[in-house]
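To keep things simple, chains are lettered A, B and C as they appear, and every chain counts its residues starting from 1.
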Amino acid sequence: MSTTTTSDRPASGIETKATHDSLADRVRAMQSVWILGVLVVIVAIFGVMQPSTFLTTGNLTNIAQNVSIWAVLAVGMTFVIITAGIDLSVGSVLVVSSVVAAKVMESMGDTGWGTALVGLVLSVVVGVFWGGLNGLLVAKAKVPPLIVTLGTLSVALGSAQILTGGLDIRSAPRVLQDSIGYGRLAGVPAITLIALVIVVIGGVILHRTRFGRYTYAIGSNEVSARRVGINVDRKLVEIYAFSGFLAGVAGILSLAQYGTTTIAGQSLTNLNVIAAVVIGGTSIFGGQGSMFGSMVGLFIPAVLQAGFVIIGVSPYWQTVAVGSILIAAVYVDQHRRAAAVRAG
Amino acid sequence: MSALLEARGLRRRFGRVQALDGADFDVSAGEVVALIGDNGAGKSTLVKALTGNLDLDEGEVLFEGTPVTFHTPQDASRAGIEVVHQDLALAPHLDAAQNMYLGREVMRSGLLGRLGFMDTPRMRQEAAQAFTDLGSAVRSVVTPVGSMSGGQKQSVAIARAVAWADKVLFLDEPTAALGVVQTRNVLDMVKRVRDRGLGVVLISHSMPHVLEVADRIQVLRLGKRVATYPGKGTSVEELVGAMTGALEIKEGAA
Amino acid sequence: MRSTLRSTAAVLGAALALAACSSGAPSADSSGDSGGSDNKTIAFVQGVAGDEFYITMQCGIEEKAKELGYTVTTQGPQKFDPTLQKPIVDSVTASKPAALLVAPTDVQAMQAPLEQAAAAGIKVVLVDTTVNDPSFAVSQISSDNIGGGKAAFEAIQEAKPDGGKVLVISTDPGISTVDARVDGFEEATKGDSSFTYLGVQYSHNDPATAANLVSAALQKDPDIVGIFATNLFAAEGSATGVRQAGAKDVTIVGFDAGPNQIKALQDGTVQALVAQQPSTIGMDGVEQADAALTGGSVEKEIQTGFTIITKDNLSGEGGDAAYKSTC
């Protein structure tokens, strides 16, 4: 009986190398690859319709510049959603971070790099504070993340309004605006380069380090993560604090780009970032997702909007299109996953 | 042969229920001990008590001959005792190697390791080696566990536990939901684990499986060990009789 | 894999279908001409899509554009939010219209994107709102908002000659036009000692917030006689707030005259409306853009007037000043 050979017997060679060990292969094997196809085709369609305006470096760099701040937030959001959480507060934390930074930088008076650096540090500290608070409430107080971050969304925004009396501070150091907000390096907006660096670092942390591995483990099966001895509560605090940290960085980038604290703005930032992450194949049920996917997911609405504006589609239809893509993307993704499980 | 892990007169009461009523138990290195008993006989309570998941009212646990108290599962884990729970506690989105090393990742050497970078090739290699050695049915260490068959999942969970347990391995109903071929494979793995010199404790309702792999069979009834049988030469009827109390046997009669 | 392809195709199909819906709106000049005399496209970027004020302005723009032989594309962000408006302006700039009529959503944040548009050779006309340094714009057209604030106070004076406490419900600080209305109102209250100015509250363009602010203010000061609501949403919310608090004798003067305000006026919830002339702003904007494009004389700044609408003139002059939800 024990000599029976069946397909369930140990295979002589166990596969240890994923087919996705080279970068190209890994990208191909990713859940989000089909959505990249969608992006490429969208770009191609607009390119054919309006080659002289859409496919210009000016337009493409504009799109890249306009998603830069969202990209920074999407890095943190990807981590949070992979843990099966959500962070609705990113837009407000961004605002309150930039408000604190702007207030202090304003009081320092001069507009050089020293001031800007102080602003950056403060902005990040404020961001980590709010993110850490989210994390503590989620991990220790066991309040659902949707509620916690909905609450901090209000509280953080309210704090920004209290600090400023609701008046935007419009005195970001000149160096910030000139070199980061609108500066360029080899034709690429500086803000985009900064975002790119953060995205790459975020991707490496998510996919290559133990911190990233635990992020997936918590979202995949929190009980099992606890049983193998992972300090899940602490990891959750760290992950939400990381999201807050990035909102703080985004706060400075926003100051640099807009020259104002946009207290009344950033109203749809959280939802746009969440939509991008989800379009990119990160499951809101946790355990699954990739940084690459989130970035593709960020570009789809941005490219659609830019393209629609250029070809002159009414703004109402743009919202319809982005919403439809969101639902379609999630539907298709779930379909694919179900098929993958059946095959496996 | 002195026992590797031994329980003496364990008592634990939950409200009005005396879950353990002076239970004894022992397992030695290099043997498979089956722990059987009807529902409510105290099997899970006993396992919890032996693996740091439960405090006792009375009685003592000896590990390698010395009294010990495991306050947490991590304490037991440090002593070389692992449990494969019935729900397996695997992260379905992670692959076999990632699950195997979850919580105990092998880090890169030097600065990269201190920065939190993992040595993925090494973990994959070692995981594959472990699966091969145990005769596991897992064919890829890079496929998400969620897309594997029940037998493959079980073998991942066992391989993970074995990778960290060098003394005693508890298996809670490892064959409960498996088909014939998968069951065979898991039982073969159990034997290989024993052959490495570990003490294996098998909790199971399946008498044929128990009789096939167990060197000794200890029967629990009403929170007490009522009988110990040798694996060879015992019949299903005897075991059922001891479990239900239809057959009164003095402790140690075997 | 086949199902993936099919689903992908379905998603793209939907996107294309939406793109096809644009057939009604003429696309930007595909010759890619950046502002030459044969480029007859005017882009209009609203402060927020779906607001009757901007729709009425759009109507004026389209009417005048047709007369002068231009085609118009209109875009607007989902909210009055510079972080949403900037990408739209950037894309409009990429599409190279001859002229851009735009209502900036922030004096600072929209400065650089609009400078960039002007630098690309597009004639930029600021309509309604403005930016910190509008020197790049060929023209700015807006209501005389300080005058509008004064007019609002006069409407309260007329309804409540005995004076009393007055409150302002505004939208968000930092919007130049709204700030000017509030300033104009505050200044006017100082001229009449029988009135006490309670200050300004910000509703963040949310009617529900405005309603809460008003009902809370009435809790604190039940003797408020007049409320000046500086825009559409603030007025809608204030009316709700007064009703919620069960207050009777409060004169609400709204700014703007959307269908809901007109209805509130008819219902007697709002007693007077200070209507801007968005259609005129739009028409003037196109005229100035045309003048800039054809080398005519351009007026750097134009201020348009107001119409006070009350129940009494609703059937005549006042009714004509009401904003439209479609052209």
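We take it that contacts are C-beta pairs under 8 Å (C-beta built on N, C-alpha and C of every residue); 3 or more make two chains touch, one makes a residue touch a chain.
None of the values given here were measured: they were computed from a predicted structure.
Student: What is the set of chains touching both chain A and chain B?
Tutor: Under the touch definition, chain A and chain B have no mutual neighbours whatsoever.
Student: Taking each chain's centre as the average of its Cα atoms, which chain lies closest to the overall Cα centroid?
Tutor: A
Student: From the centre of chain A, which chain's CA centre is farthest?
Tutor: Of all the other chains, the one whose centre lies farthest from chain A is B.
Student: With chain centres defined as C-alpha means, what is the inter-centre distance between chain A and chain B in Å?
Tutor: 42
Student: Measuring centre to centre with CA averages, how many angstrom lie between chain B and chain C?
Tutor: Here the centre of chain C sits 71 Å away from the centre of chain B.
Student: Between chain A and chain C, what's the gap in Å when you average each chain's C-alpha atoms?
Tutor: Roughly 32 Å separates the two chain centres.
Student: Return the residues of chain B touching two or more other chains; collapse runs of consecutive numbers into ranges.
Tutor: Not one residue of chain B touches more than one other chain, so the list is empty.
Student: Name the residues of chain A that each touch 2 or more other chains.
Tutor: none
Student: Which residues does chain C have that touch at least 2 chains other than itself?
Tutor: none
Student: In the complex formed with chain B, which residues of chain A make contact?
Tutor: Residues in contact with chain B: 1-2, 4, 6, 8-11, 14-18, 205, 208-211, 213, 216-217, 219-221, 223-225, 227-230, 287-288, 340-341, 343-344.
Student: Which residues of chain A touch chain C once you look at their complex with the stated criterion?
Tutor: Going through chain A, the ones touching chain C are 34, 37-38, 41-42, 45, 49-50, 52-54, 56, 58-59, 62-63, 65-66, 69, 161, 165-168, 170, 177, 181-182, 254, 257-260, 262-269, 302, 304-317, 319-321, 324-325, 328-329, 331-332, 335-336, 339.
Student: Residues of chain B touching chain A in their complex?
Tutor: Touching chain A: residues 73-74, 77, 85, 87-94, 97-98, 102-105, 107, 115-118, 120-121, 124-125, 127-128, 131-132, 135-144, 146-149, 151-152, 181-182, 184-185, 188 of chain B.
Student: Quick check: in the complex, which residue numbers of chain C touch chain A?
Tutor: Contacts found on chain C: 3-4, 7-8, 10-12, 14-16, 18-19, 21-22, 25-28, 30-32, 49-50, 73-84, 86-88, 90-96, 105-109, 111-112, 120, 132, 172-174, 202, 204-205.
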